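Right after this note come the structures.
The same subunit A turns up in both complexes below, where it pairs with subunit B and then with subunit C.
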Partner chain A sequence: MEIEFTKKDLVLVVKPLEKNIEAGNSRDFKSKVIEQIDQGNKKIVINLSKVEFMDSSGLGCLISLLKQLASHQGAVALCDVQDPVKRIFSLTRLNQVFSIFPSEDEAIKTFSSR
Partner chain B sequence: MKSFSVKISFESRLDFLPMLRKIIRSICSDQVINNENFFHDIDLCLNEAVTNIIKHAYNNEHDHEIEIILTLSATDLFIKILDTGARNPRAYKNHTLKETDKIEELGESGRGVFILNELMDEVIYKTEEKKNTLSMRKFFK
Partner chain C sequence: MKNKILVINDSESIRQILQYYLEKKNYDVYLAKDGLEGIQKTKDISPDLILLDVMMPGLTGFEVCRKLKNDPKTESCPIIFLSSLTDTSDKIQGLESGGVDFITNTADQAEVEARIETHLKIQELTRELKASNQELMFKQKALNADLQAAGVIQQSLLPNKIPDIPNIKLAWTCHPSTLVGGDICSISLIEPDQLNCYILDVSGHGVPSAMVTVSITQYLGQKELTTASSPKHVLTLLNKEYPFEKFNMFSTIFYMTLNPKNGKLIFSNAGHPEGILLHSKKKLELLPVTGSLIGVDPNSVFDDKVIQLEKGDKVFIYTDGVIEYRNSKGEFYGTDRLYALLEKIKHHSIHEILHLVFESILEFGDGRPTQDDVSLLGLEYFT
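Right after this comes the complex of A and B.
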């Protein structure tokens, strides 16, 4: 999976460039982000502006990253979530688990204030 | 609208899912359906159902056959998915969502069947004559 990584101060912005995060590519996405966590990136914003479709495997991959970061005193926030993806977060009540922001700047700001 | 059926057969590979969704969208969009949420629900349920088959019935092995029969009528879309892999009747029985406030207790899997049951109007799993059949129906409303 093609992913854009951008460091903004202490925050790593992860932007998947593919339209789908699903069973066929979610492992690849997860392992590439875990590489970044292993390199010391503990504050991560995942920008989902390009993602139009996510299934339960995609959700599972985000939960795995959330757990991994929480256990290393890190944190993850999501931003720019498209409507179809928002629907699956609401349906599975994961919108109550993840910090979700309308824009990348707002998501980054929450880390700056911590 | 006159009812009609389309049969699609494909190999048990997760990387075929985006193509499968495109084919099914194309079949449905030629008909009276013009509702993005309806399409999204069908895309998602197809993904969840086929992923379950590939992972659990076929143990992630390629080269197995999955057959989908779509039947479009004036009132609903009926999808029948057939495989010849391992039987998994229990997989479709747990429809509840395990909720927790503790991040460490959050499950990374197990939401697929919940999604199917939430978004489709009818979900039936049967095993007979060495074939497993998952039938799902969604009304246009």
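Right after this comes the complex of A and C.
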């Protein structure tokens, strides 16, 4: 899975560049992000602007990152969520579990002020 | 163990020289004076390598080589041609007949030795590769057999007998995308006035999800849960018992209890695709999510929803493998297609409806195998 990592102050922005996060690539996505967490990145914003679909493995991978960061005094936020994925989030009520921001800047701003 | 080398050559002096060299290099050397004797000895002693002359009375070296390569008993033995012929066409013919090498300068001991060493090494590596391939195949076979057995065990958890209830017809189907799956359907009549049905989807698929379905099925089969009259109570307990951290998985579940006597249906839906209520005279109605995914938050609150079924109403629930099924163009089957189909076929029996839905999915994907587990469960209420 191709991912763009950009460091903005203390926040690491993770931008998956593939259309789908699903069974076939979610494990790879997770391990690449965990690598970043292990290197000390505890504040992560996942930019989902390119993602149009997520299956249960994809959701599982996000939940797993959320749990992992929470147990390391870190945090994760999502931004720029596209409509089809937004629908999945509201259907599964994961929109109540994740902090979701309309734009990357807003997500970073919130994190930086914490 | 010493490697065995067979020299097939009509010249006695060359045979003797080669024998002298090669024995000094610690090989076991066997000699044959012509092609026929060479073929016989190859069968008798199974040499590790053959040094073969080309021009011999009787069979030529090329003919001998072809014969050995055509016999399954001798085909794997590497053959090096050793000849004074220097034409490229001869060398090509030698290699085409199945030889691995062609040495023209038999006087250069060092070259002969080096090439023998090389081909023995290649031969040894090939043998090892074949052996490990075979071992892998055996292991793969054993794994497949295990998986198949696991599939059978999982199948045994599915409803094997649909309860016979006078005014209710039930149908279900579970199609794992591999031999085992992460979906489970359950139908059980607890009391004459309590029928429990649920459809569960553990995130991911394959063996890990399948094992979790087994565990959850057992958990939900306990008496204090099956007799609970409120689905939200069941889901609240399930949510506490299976936190995400336990197996790094979450589940979605649509759980309903129906009183067959009066058609009162109570359901709770934990992040599962919306159920569908098919009315014979009105448009279909969705049975929405009433709680979050199982396992994500131990404090999640689940709600019950009550609906009163009317004569001819049908309830259809399914797992996301249906709407997330994609054809080769990458298009999703999707809810719109599903709802439209259900509206069209709602007057069929519930059994036929399930069948038609599954057929429609496969037709949409030109028979492409499902990427995720696909499960359907339906009930039809008569008064």
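Here, the second predicted complex is superposed on the first by the 114 of 114 C-alpha atoms of A that agree within 3 Å, B and C clash if a C-alpha of one lies under 4 Å from a C-alpha of the other, contacts with A are read in each partner's own complex, and residues count from 1 in each chain.
Everything below uses one rule, namely that a residue touches a chain if its C-beta (ideal position, glycine included) is under 8 Å from a C-beta of that chain, and two chains touch if they have at least 3 such contacts.
In this text, all values refer to a predicted model and were calculated from it rather than measured experimentally.
*Asks:* After the subunit A overlay, clash or fit between subunit B and subunit C?
*Replies:* clash
*Asks:* So in the superposed three-chain picture, is A:Q39 touching just subunit B, just subunit C, both, or none of them (first/second/both/neither)?
*Replies:* A:Q39: touches no partner chain.
*Asks:* State whether A:S56 touches subunit B only (first), subunit C only (second), both chains, or neither.
*Replies:* A:S56 contacts both subunit B and subunit C.
*Asks:* Hey, is it subunit B or subunit C that touches more of subunit A?
*Replies:* Touching more residues of subunit A than the other partner does is B.
*Asks:* Pick one for A:A70: touches subunit B only (first), subunit C only (second), both, or neither.
*Replies:* Touch partner of A:A70: subunit B, not subunit C.
*Asks:* Quick check on the superposed pair: does A:A23 touch subunit B, subunit C, both, or neither? Answer first, second, both or neither.
*Replies:* A:A23 contacts both subunit B and subunit C.
*Asks:* By the touch definition at the top of the document, which applies to A:V97: first (subunit B), second (subunit C), both, or neither?
*Replies:* Both: A:V97 reaches subunit B and subunit C.
*Asks:* For subunit C, which of the listed stretches 62-70, 260-268 or 314-322 runs into subunit B?
*Replies:* 314-322
*Asks:* Indicate the residue numbers of subunit A shared between its subunit B interface and its subunit C interface, in ascending order.
*Replies:* Dual-contact residues (subunit A): 23, 53, 55-57, 59-60, 63-64, 67, 91-93, 97.
*Asks:* Can you tell me which positions in subunit A touch subunit B when the two form their complex?
*Replies:* Spelled out, the residues of subunit A in touch with subunit B are 20, 22-25, 53, 55-57, 59-61, 63-64, 66-67, 70-71, 84, 87-88, 91-93, 97.
*Asks:* Can you tell me which positions in subunit A touch subunit C when the two form their complex?
*Replies:* 23, 53, 55-57, 59-60, 63-64, 67, 91-94, 96-97
*Asks:* Quick check: in the complex, which residue numbers of subunit C touch subunit A?
*Replies:* 201, 203-205, 244-245, 248-250, 252, 271, 273-274, 289, 291-293, 296-297, 320, 324, 332, 371-372
*Asks:* Give every residue of subunit B touching subunit A within the complex, in rising order.
*Replies:* Answer in residue numbers: 14-15, 17-18, 21, 36-37, 40, 43-44, 47-48, 51, 54-55, 97, 99, 103-104, 106-109, 111-112, 114-115, 118-119.
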